[in-house]
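The structures considered in this document are given below.
Below are two complexes that have chain A in common, paired first with chain B and then with chain C.
Here is the complex of A and B:
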């Protein structure tokens, strides 16, 4: 137990260091850009420009700007949008995170749920038509990028099934409204579900040949108990190891999915801000993402020993 | 070789069972030939290369030429894949996109290897402080959202600082800078294991220098898993380019990137789905081919899967 606490502590420090490092690099890179964020505003008097620069502290030397930014971040203040003056970034990003998380968690559910189900069924019916259908679906599904699934999801559900959906595949639900989430979440989760299915099948096949599983069958235990409690629990271990990269993939994938469906989450904000050259928001979203990816990976590593008592820190 | 030639007549007289001498590549080749999916993947990849080469000298219409017919025209005999929203021939653009895809894939594989292999070899071979430093950097790098950093890199390097013109090369650089760790980690592991093996020890005894040990003894023996890893890096790079171009942050128009073509067609998709269909199909089939070949190679190089 104490080992776990120390381990989590170390990891948290590493996450903080990584986040600080990469967001600082992004900060410096974006501030190297010649000119300034207001150059493309038309009909601007020199006084107004100077006032704007002063307002954002952009007239000060870079090290001073950097220190200001760090001080702000430590107090949870990511600054103000360059494009929409007066909009504070922290509350904006918190609201958008809740939207992204709704879709992301649902996608994770699709990935793990569907992946495990297909993988286990394929393994238990190895070399039958069920296995072939499941395996070949997985091998094809893994290669179709999520944005392709999203485009055709939009076409099918938003256009061909217009009578059912009234064209609304997605509208801003906020945290807790699940009704509009399925199509984007499936598009986001499906490629990874195929990957999980392949991995589960392989590791299930290896596990069910073990002596202890044969013993469990021989004892006359029900299929449900043998499969779920004896075989699946061990077969899950390799699957859990890829959960970290998988969550990173879902977070990254959400950037493109949110842009296709017009979901007002972090990913859409990221791309919109890059295109609008709103560097303050770009840095803010990026800092959020870096921390999020680190924390997701940490969560997975903490769950890991719960599943497999042989692993300790 | 001369040895075998002398021994052969005797072998034919006396029917001894002699274990066939197989090299790693021979063995892998024999096993991959039995894997139908991997073969299909290889055939598709060869086809992609051929189309890319042809597109360098000839496409039915220039890839940028607008209004060769009515806009949004569905497939016809003259234009087998139809025309897009600017009246450009989609077949020509798909061919041009194949060239872009090949450039991105090959370039990324090359640069990822150039960064990852030396770092991995150094870490695994010298261990100690060198390994600690390199492994620390690898671990830090794994903690960052790679594609998002790459996205920012493309933007900063080309649009903001004008260091590299916006094009295939900047995408390759951004991808490689954020995704070199897989190769480095793999090579490090291989080098760690191989440096303890007897043949490396023997070479060291014979007076081989470190560089010779690394290049002539350790690196060639790490090639199998390395090829597999690089085969999987190619579809990742291709997908990254499509992803960027789809968002409008990748290759500038009128470059016939498959991702950009999908983005072009997606606004008119309810009445002209063929514009989206062609590039997304081409992209998916290409990714699938590389994944199948990679799976096949992995099984072929895996010594636990003998025969």
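Here is the complex of A and C:
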């Protein structure tokens, strides 16, 4: 236990350093791009441009801007949006992260739940029609990109369901209601569920052939106990291994999904802030993403010892 | 705008002759003689008539449920207008607003001395009538209505206007130059003063503005958003840069006020109770959602999640607008409103370093009289019908430009088919081109640059294709992100490029001063013509009714010299459900929210 605590502490420091490094690199790179967020084709006078740059401190030398930014970050203040004046970035990104996390968590449940279910069933019914159906479903699932699933989801559940049910049961794009979570979450999680299904099947097939599982069957234990307590726990280790990159994939995949479904999350912000050259938000988004990916991978590492007591830090 | 509320009236109670009912009752009981039979018949008639009247009255009562209104326009109980926007509000502070999206929203929350009505006529808003202008054309005296109040009940006084205008000049938003003609503006803009010396309070409800030189266009600019009034008391107590962050302190004089805002997600407005101007119309609430994807917007619109799409300069995807425009039933929901924007081919007029304007670094093959045949050839070689069909969703997103650079419908427009270079004449184009560039050296490696949008790409691809087909020249298309494109274009960095201008107000000065005078800030072409400069100086000093012909003559000079290869004028698309009445707009603005109402559906 003590070792795990020390390990987690070290990783947290590493995450902080990595996040700071990523943010700094992005900060410098963004400021090298010619032009700024205020150039437009309207009647902007040099004085107006100068006033805008002065308000945001963009008229100062780059090192001074960087120090201002670092001081702000240490106080938890990521600054103000350059395009949507007055919008404070820290509360904005916290709120958008919670939105993305809600969708992401549901997507993860779809990924892990559906993936494990399909994988276990396929493994237990190997070489039967159940196995073939489950495996084919998985292949189809990871062959179709999430944005295609999203567009079909929008069309079927948003448009056609409205017509078929005469406006009583349908998906309403946007955000504000729990009913707006499942469709985008499934679109986001389904391709990854297919990966998990395939991996679980392979891992289960290997695990259930082990002597200790055969012994459990021979002892007359119920299928539920054999599968869940004896076989699945070990079969999950490879699945947990990919959970880190999988969560990263869900995080980055949310960029497309949130834009398609009109969800005001971090992914949507990522796209709009880059296109608008809203430097402050871009840096903030990269900072949040770096931290999220680091924490996701740390979470996976912490789960390992729970599954396999032989693993110790 | 006053709305006459019609009281619901039922059909009047049928006047019953005395004894009718009793006689009818008797008739049913005593139908044994001819007299009785007649009475029976009369009685039956009475009963049927009464039943018919009763049924009619009941039907009328049922039909009239849910709100006031005439029998054919029953209002919905929920008078909430909802619509989407692709991106969030940029600026709320009138002194800093610049985007048409923000102006379209907040002209319902703030107001000023004057406003533009639906026909773009400048009419008094908070001002009491038109201003008095001194004989030298320098001093405008404004009188305010005395009953005007902010949404928090504070009275509006001359001090608030003087404060608001000085503040706008000091903050130097993009449109602070609205006050440039006012004496003392330069010092305030430079930070040397906080008050424009030209603004003087006369009494609580009147003040004057003195200009440094006559500027006939300035009165039009006074109706712009930069000149909207803000509550001095609120701004000073909450903070100059904070008062517009919390909806509770966004205080204006408009018919609506903001009640909630979740940045990058939604914004809500409600009508102002006891608004100083009387009725705020039928709508009670407005709900706006930020949805980046146009398909998601349309899906929600089609499931009645939105009242309309198109307010705040939103548009549909090309395939969706074509779908709606092609279907006779769906087309009823679509309105295509000419919008005050022109797109054209921009040419570089540089003749060498610092010539004819200081931003020039090299010489361009399209410059001056020597480059005129090339400009004409490129323009004549473009079939604008084809261009509009391909690049503008079969003419639903734009219409071809044939009357000069000022958009059709605005003052200064020259008239349909008055631009000789907008006619498609490939044989003449080829002849001109071959005389101008017989060896092909002038257009070798020519690149047409544009800021990256789907429409701009489609335009460039079509132009390149037509030039290849009609002139035999290869022009490459290069896209840039918006900021980099403007950065380079503003210093005349491209030989030919995409250019466009959306009018800020209906006055030709808005076009010439920023685009076609020497050293014009948004030129992109470094065009310089001393004759146009002089004509502009004279026209700007006069009121529009005296200067319009001069502006038109300037426009004609641009056309005659093919300074711009005018391609198309913009179109604003509105998709509106049948139960939403009053939605739409004029070339510059959406209709005020107070013009709208939601019917039962």
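Everything below uses one rule, namely that the second predicted complex is superposed on the first by the 297 of 313 C-alpha atoms of A that agree within 3 Å, B and C clash if a C-alpha of one lies under 4 Å from a C-alpha of the other, contacts with A are read in each partner's own complex, and residues count from 1 in each chain.
By our rule, contacts are C-beta pairs under 8 Å (C-beta built on N, C-alpha and C of every residue); 3 or more make two chains touch, one makes a residue touch a chain.
As the structure is a computational prediction, the values presented were derived from the model and not from experiment.
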{"item": "Partner chain(s) touched by A:14 [first = chain B, second = chain C, both, neither]", "value": "first"}
{"item": "Which superposed partner A:272 touches (first chain B, second chain C, both, neither)", "value": "second"}
{"item": "Touched partner set for A:142, first chain B, second chain C, both or neither", "value": "first"}
{"item": "Which superposed partner A:33 touches (first chain B, second chain C, both, neither)", "value": "both"}
{"item": "Partner chain in contact with A:96 - chain B first, chain C second, else both or neither", "value": "second"}
{"item": "Touching partner for A:286 - first (chain B), second (chain C), both, neither", "value": "first"}
{"item": "Contacts of A:159 with chain B and chain C, given as first, second, both or neither", "value": "both"}
{"item": "First (chain B), second (chain C), both or neither touched by A:151", "value": "both"}
{"item": "Partner chain in contact with A:87 - chain B first, chain C second, else both or neither", "value": "second"}
{"item": "Chain A residues contacted in one complex by chain B, in the other by chain C", "value": "33-34, 151, 154-155, 159, 259-260, 271, 275"}
{"item": "Sites on chain A touched by chain B in the complex", "value": "14-15, 17-18, 21-22, 26, 29-30, 32-34, 139-140, 142-145, 147-148, 151-152, 154-155, 159, 248, 251-252, 255-256, 259-260, 270-271, 274-275, 282, 286, 289-290, 293-294, 297"}
{"item": "For the chain C and chain A complex, residues of the former touching the latter", "value": "84, 87-93, 96, 98, 171-177, 189-190, 241-242, 244-245, 262-266, 289-293, 295-297, 299-300, 302-305, 481-484, 486-488, 490, 500-501, 504, 513-514, 521-522"}
{"item": "Footprint of chain A on chain B - complex, ascending", "value": "37, 139-140, 143-149, 151-152, 155-156, 160-161, 235, 239, 242-243, 246-249, 262, 266, 269-270, 273, 276, 280, 283-284, 287-288, 291-292, 295"}
{"item": "Parts of chain A lying in touch with chain C, wherever the complex brings them together", "value": "33-37, 39-45, 47-48, 50-51, 81, 83-87, 92, 95-96, 151, 154-155, 158-159, 162, 167, 170, 172-176, 259-262, 264, 268-269, 271-272, 275-277"}
